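Each structure below is given as structure tokens.
Below are two complexes that have chain A in common, paired first with chain B and then with chain C.
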Partner chain A sequence: MKRRFDRRTMLRGTLAGGAVSMGLPLLDCFLNDNGTALAQGAPLPLRFGAWMWGCGMNPDRWAPTTTGEGWALPPELIALDRDLSAGGKVRDYVSVLSGFDVTLDGRPNFPHSGGLVTTLTGRVPEQDGVFVEPTLDSVIASEIGGATRFRSIEMSATGNPNQAYSREAQGLPNAPELSPAALYDRVFGPEFADPSAGPFIPDPRLMLRQSVLSVVKEDGDRLMQEVGTHDKQRLDQYFTSVRQLERQIEVLLDGPPDLEACMRAPQRSGESLGTEVGQSKRTNELMAELLSFALACDQTRVFSMMFSAPISGLRQAGSSSQHHQLTHDEAIDPALGYQPEATAFVLDSMEAWADFVEKLAEIPEGDGTLLDNCLVFAHSDVSFAKVHGIIGIPMMVAGRAGGRVKPGVHVNGNAAPTTRVGLTLQQVMGLNVESWGALSMKATLPVSEILV
Partner chain B sequence: MRPLRLGRHGQLSAALGAVLICGCTGLIGSGGDGSADDAVAKELCVVDTPIRRMTRFEYNNTVRDLLGDDTNPADVLPPEEEVAGFNNQAGALSTSDLLIEQYANVAETVSARAITNMGALMNGCDPATQGNDACALSFIERWGQRAYRRPLEQEEIDRLKGVFDWAVADPDLGTFEDGIQILIEVVLQSPNFLYRPEFGSDTPIEGDVVPFTSWEMATKLSYMLWNTMPDDQLFEAAANDALLTREQVGAQAVRMLADDRARDTIRNFHKQWLLLTQLENVTKDTSIYPAFDASLRPLWEQEIQTFIERVILEGDGSLETLLTGNYSFMNEELASFYGDDVVEPVTGSEFRQVQLDPTRRAGFLTSAALMATHANLNQSSPVFRGKFVREQLMCNTLPLPPNDLVIEPPELDPNKTTKEQFEEIGADPACASCHSLMNPIGFIFEHYDGVGQWRDQQNGKDIDAVGEVVQTDDIDGTYDGAIELAQALAASTQVQECVSSQWFRFAYNRSVTQLDSCSIEQINERFAASNFNVRELLVELTQTNAFLYRRAVVAEQGSAQ
Partner chain C sequence: MSWFSRDLMAAVLAVAIVGCSSEDGGSGSDAPAVDGGPVALRRLTTEQFARSIHDVLGKHITVPTRIDPDERRSGLLAVGSSFAGVTPSGFEKYEAAAAAVAEQALDADHRAELVSCEPASASSSDDVCAGQFIEQVGRRLFRRSLSQAEIDRRVEVARNATAVLGDFYEGLELALSSLLVSPDFLFRVERAEPDPSDPNRLRLTAASIASRLSFLLWNTSPDDALLDAAESGNLLDHDVLAAQVDRLVSSPRAEIGLRSLFSDFYDFRQFDDGLVRKDAALFPAYTQTIAENAKEQTLRTIVAHLTNGGDYRDLFTTRNTFLTRNLGLVYRVPVVEANGWEAHTFDQDSPRAGLLSHVSMMALYSHPGRSSPTLRGKFVREVLLCQNVPTPPANIDFSIVEDTMGELRTARDRLEAHVTSDSCAGCHNLMDPIGLAFENFDAVGAFREQENGVTIDASGELDGVAYDGPIGVGEALRDHPEVGPCLVRTLFRYSVGRDATLEEWPLLDFLGERFAESGFRVADLVREMVLSDGFLTTSGPREAEMVGAEP
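Up next, the complex of A and B:
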């Protein structure tokens, strides 16, 4: 096939052929040298991300003992003490939110899903693991995701393909990328327009794909008219994603974004997928780097990363003891006061979180770094995993959100609902929302301590 | 339309009574939204299944049969969500942006591979002599019918021909092969291919209940019994409109179960029902279980799957044999793992049927695949084993552990048996209410250690495999060892009905609803009449009104909504 796809002649050929009658968009898009999404001088885009790790922490060892600024690093947050190449430390860009609770209003505490679903959707689940409302990242993506090539990018470092973190309404899972190499191909494959690669010539394969999709849609139209109401809703999900794919192609055909920091991400080797915590850390780091380049090129403004699952299957190299199992099975060492093996995974998780934040701080953007224009929410599903604790769900926020958020603060929620954090995040991202969550989890006040 | 016999089973009216009491609204499927016709569908036990998207397994099998592509291209797609124990549940087969992107990528690579063997695609038509148009049209009609599993409408033929013409007219594509490739790429992404739309025929049998068309029935049968597209015989029967009556459908089901493709389905079902998906993560502390080696895992899986498949498709097919049969399939390596339990010598790497010591092994339940999976790293687990029997074989839903309960499993005590240790914790009243449901069943399996090998003693003490089974429908009592328990399970109505409901969910791609009561009753009655022959159960699943009929589709077109 390859030999036939000469870019220039293919372009001419495609346009000379029956392409227009196949429902291709008009040619305006090719006449535009630069992306229309971001005219010169426009403010840098604001990005939102969610990052989770499974099986919580040891509350006494994780939460700082003083609030406000200048808190001493607790033993399980030692990873935040890392220096950043652009100056400062990771902890300077991270606020810690402790003491925010999930209240179940009499519903059962489904282990590992009660706290998670409630914190991410504002609604206590009625069935184990069942999401009814969309997760925070989807709520935000539906507001700000439309301008970019990808509405959002979902990632997973768990090494287990059967786990989705991000959910649309009705709990529809947004399948995550599992492999850094696949993520690279998806974002920076041949169709990616690199602004430094000389004059922009649209990739003719994109137009071919566009033609194929337009016929696919026509072919499905009749089916949509004939099926009943429920099936129509199901097929509509399909066509929504087909339109999203068309949208991706349109954005690509618009040419590279006019962003100084945009360049093709480097292609790294060393991918190793699996459930060893070292593999997950490597995946997390590789994906964070790819993501940082994707964000700098405005390929997406929303992302999520599941570092480890709520029932975390991560294990140390050469061991078969899984993190989750250890949280239940391992005895608390009386001398230490905690479970040493299970706690090692908490430290690993916090290191991975620091890796993720660090990658975002390595891309210069405007007067600072990409991280300054990000708002990244990190959290777990439980506090103390041994008892499936949902009092004091550990949460953090990284980045300055374009100057809207004050980092480096420790806030103790004093038993306020975790949804106050979700409400704050939505408001910072510009969503017009005054309250969020249901019943006891209804939040009306943002966490003002982290707002500028 | 020939008349159809309805409700041949006398229990319809009894089931109707139950339905009226419950008055539930059928969240699963149902084309209707509370119309007056609901009563007819309820009376006939007709419950619709949402439109189904192919699973990755079905996609792989389908492109194998449609294009000869046996590369399992769908393996790169995001996994299905598992609901009610299975990954093929229509309601959970949603889509995501990533899935649709990957469908596009897969369609590109599969179509590119397909045109490397034009001879197979063209079925004798030579564009050089017969012309591009003639061969393209014949390909669209013939292959398109196989891909969409029904004849194409003229509008669809025209559209696909338009794609072909466009590609061939393009100076940079331009070849006949390009045209064929692009249209394969379109078809592989069409919802007509990826989904299984079902509308039924135009003529209701009663109220708004319509039979499926023969084309739809061919597809229903093939995806249910083969997890793939119909074969030539099914297509021929569809073309002759010969898949309308219960007898026609049943006869096809019998034929299909004799075909090798049924093996895929049997294995797919048992992999999920018996949680064999967990096997790949099984590992053991080799200081305690030196016999364990990761290379045993695929052998264990092959053993249990071969046994089940042979019993169902070539043996007597009975649930009793599945649970109590004293033979299995092994090679030399696996036989040496089982040691004295295998009562005949086995040599070589090929699997063959072997006789087992009937005092030690019974059916699939005592196989190493299950015993090793439902155990801890360093000891057996009466909890996991009891839970497995309760949930998978008896269809019990166990309550959740209480909030904030600190769970401390016993440390290994070199002076006690596992049973003694678990009895001590199980006695705690906070645990006993639930664990009395699980642990004693697990005790009955104590002759199988954490890796699934037989033991008479543990820590110098004789194994006590006595356990009391409580709160069941029909097998309460005390059992000594898994052989006794397996026999009781095989004779238990609760277990028999659990098995049929598991197959119902897998085969119909949805949960059982209140409105299915007469179908369930019919299936269970026939299953019993066959002496619980699973092969018969599969045929019977094609004989219910729920399988043969649906509600007429009311499209919203032009409505005021």
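Up next, the complex of A and C:
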């Protein structure tokens, strides 16, 4: 069914007339049929997400020993053995990408940032921790994020507002949501148009906010004439952000999402922010649930989650050491062949990753679940953290991306650049890009083994 | 222009200026003439955003804090602000914050303080009154007078909004929101103009100087008196400028400026963000209240010492401080005052003297579960001495440490294991001998004799000066020749929002000498700096750096 009226046009007309009366009889004709109408005809949205954990893994214990399908679960991926309520196991939805490397072309390996920045931007950083190009999630968001209320949603389970995973052009950090309660308010607070809430009446203030935004764009235009080239770029970013808010207001004026699976997320208690590993896992899980509801309502199509920072601050209550410290200081147990305390945090991280995937698989959508229409990229900053290894950066991909990717596969990159994965993800998300990255990190071939 | 001729030119100009400087108590400056470096938009920091709103729109307003986090560059939020931008999620939050602020500013209890005119009717629009409000408030928020077009468009917003909402003040809220989310408010705009006395040079406009001054000294938008001086053009007159500097420096609000300055230097934002966390099982007595008190103790100590005209270097040795009862428990000294602060002087036999022995510093530069001589030493090197410590090599070989972990009981033992490895020694030798002298203070800054049952050896050495324990390292630091010049450099970067250019170095050297001559009085340094070319002139707008250039 197609909508015969555009609510926005009608309301604009009313506002321009000066006197505004938006009674129910007028608005009845705009109501949707509780979300089913468009959903039956239109394809379900495709979403991209990134999920990172810090301080890597033990390569011999993390990577499967055989490639293709049917690989045996290695000890550090045991968390993927979990059963899903919709059937199957987490591992059935996850492909493992091992053996993809970062090559520095003679530049120094800045600990914990060299591999990360290169994998996410395709370029080796020239200064420690400095991003100059946008991260993969931002590249994808700038292409597909414009259709939804939020261009993207950034999350972090570290409790630290100053550690951002996602970067815009010039390295501008996209600040993450730290608190599940704040994320709930942002997405499902009073502005959320709840499809089950009865007749939809747009708030006339929304259009007044639009008038405010058009004034500040004029301010920006004037300022643009006075500043240098660097500030012009920064003001461009400001304009992009203003336009995104305009888009958000348009979406809100459109009323409840026409998606069958859409409903307001449940409100949960028990939030506790910090890097004690139980806190981070709980935050990750609460946010994953909120995100799954937000995605089902098409509030955004791009998201990221920093479970732990590159210099991972995860710790056990009562311990004087953090994950990162342990990766360097803890002795390799000669009997076990690895660092037991540091490795416990790898297992925790993989459990948190399984928690995240599981939440996306709990929302039914179309003939399957939300996860079927997602493409989620998980990775760390290093492989073996003790030496800041950037050979074989651990990566995984979860979801079916609307049937475009094949899950449950193990691919060994055989020293191919990690950017091949970034290229593949962009292509799957519909970006028209034939190569990605620079110098040795330039990738031209997608990882065809995971493509359908 | 080559290095040589640039230096030569600076020297020639310096001589020329000295020749005509006056000696009557500082109305002239004999600072070397330099062209100041480039200007850029500076996004208001979280603190500046809140302070500006409080000062212009009312102290009663609850300003949302979590917007776009400030970015730290070159060790300062003040430098990061010249690179910070506005992201989509950041703008979303700015807009929501603007609406919340506007509503509080114009609520029924407070609108009379802000809107000096009475609308013809409370339920319909009044362009004259709205225009008057926008003009007055807009000037403070934009830190310059608005153009007629900027006012008119906002009068229109207010008019349309009043028509829809049926309330004059609610309409005005939208106009106020449009000021608060404007790039002219969110960014400090520093503008350049040709210097009439030498059209080949650029100077900052009077309004830009007013903002620089106000944010440096009060960390907020300029007040009306300063804006008046700027907009009449008088501020470009040296004597008027000097008088305004004196007014701002001698105001009680200068304390805010000092606090902001040192909070930025020392990265005290981490306290505000609740990030100075400690393991609850290991440090059960450490609470959020103690963390907040600890930060406040250090800031109070700095303010009291510097506003009394104290020698900056004595901050690292002074035994005078302020305590609460909570802090008294950590320091194990009695505090009489049951609620609030009291002045305290640590005993001569106390291990505490100087800022570095404060709980704030020791807790901030530690891990959640243990002290960190390396972080403490790095802080002293990088922040207090402005020396760069290289990042560790990527492929660190810790095999020396591995097999004997159980035997390494103290931080010194563990670090000495690192330092026997050549690839680590170069840098760790810069940091550890400083940090190890603080090992008697644990991860929350409490005093201890032993670590894991072994008596702590707190001896060390700073650039040739040997000491034993925290008192000694404070004294060595106080007398270190770089401690004064480092403050000059940091203060300059903080003021102009960028690193000094090569051309500005002679000026910084000069300011360093003058700082020493003044007995390291910070107020004198500030005054000398803001009256110098480094502060008042510019090479023009900063241009974009080439990014992604092939090596």
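Side notes on the structure shown:
Just so we're on the same page, the second predicted complex is superposed on the first by the 378 of 452 C-alpha atoms of A that agree within 3 Å, B and C clash if a C-alpha of one lies under 4 Å from a C-alpha of the other, contacts with A are read in each partner's own complex, and residues count from 1 in each chain.
Here is the rule we use: a residue touches a chain if its C-beta (ideal position, glycine included) is under 8 Å from a C-beta of that chain, and two chains touch if they have at least 3 such contacts.
Keep in mind the model is a prediction, meaning the values are calculated, not measured.
In the superposition on chain A, A:T119 makes contact with neither chain B nor chain C.
When the shared chain is aligned, no partner comes close enough to touch A:S349: not chain B, not chain C. Of the two partner chains, chain B is the only one that A:Q225 touches; chain C does not reach it. In the superposed model, A:R107 lies in contact with chain C only, and not with chain B. Residue contacts after overlaying the shared chain place A:E154 against chain B and chain C alike. Using the contact criterion defined above for the overlaid structures, shared-chain residue A:L439 touches chain C, although it does not reach chain B. By the touch criterion defined above, A:A331 lies against chain B and chain C together after alignment on the C-alpha atoms of chain A.
Of the two partner chains placed by superposition, A:S95 touches none, neither chain B nor chain C.
When both complexes are overlaid on chain A, the residue A:N162 reaches chain B and chain C alike. The residues of chain A shared by its contacts with chain B and with chain C are 18-19, 108-111, 128, 150-151, 154, 161-162, 164, 172-175, 182, 204, 208-209, 211-213, 215-216, 218-220, 223, 226-232, 234-235, 237-238, 241-242, 244-245, 248, 313, 320-321, 328-329, 331, 386-388. Those residues of chain A that touch chain C in the shared complex are 15, 18-20, 105-111, 114, 123, 128, 132-133, 150-154, 159-162, 164, 168, 170, 172-175, 182, 204-205, 207-209, 211-213, 215-216, 218-220, 223, 226-235, 237-238, 240-242, 244-245, 248, 274-275, 313, 315, 317-322, 325, 328-332, 386-388, 438-439. Those residues of chain C that touch chain A in the complex are listed here as 38, 40-41, 66, 68-69, 71-72, 83-92, 95, 99, 149-150, 153-154, 157, 160-161, 163-165, 174, 177-178, 181-184, 186-187, 189, 191, 269, 273-275, 277, 279-282, 367-370, 391-392, 394-396, 398, 401-403, 405, 414, 443, 540-545, 547-548, 550-551. Residues 1, 4-6, 9-10, 12-14, 16-19, 21-22, 108-111, 128, 150-151, 154, 161-162, 164, 172-177, 182, 186, 204, 208-209, 211-213, 215-216, 218-220, 222-223, 225-232, 234-235, 237-238, 241-242, 244-245, 248, 313, 320-321, 328-329, 331, 386-389 of chain A are the ones that touch chain B when the two sit in their complex. Those residues of chain B that touch chain A in the shared complex are 29-31, 33, 50-51, 53, 76, 78-79, 81-82, 94-101, 104, 107, 112, 153, 155-156, 159-160, 162-163, 165-166, 169-174, 178, 182, 185-186, 189-192, 194-195, 197, 199, 281, 283-284, 377, 400-401, 403-409, 411, 553-557.
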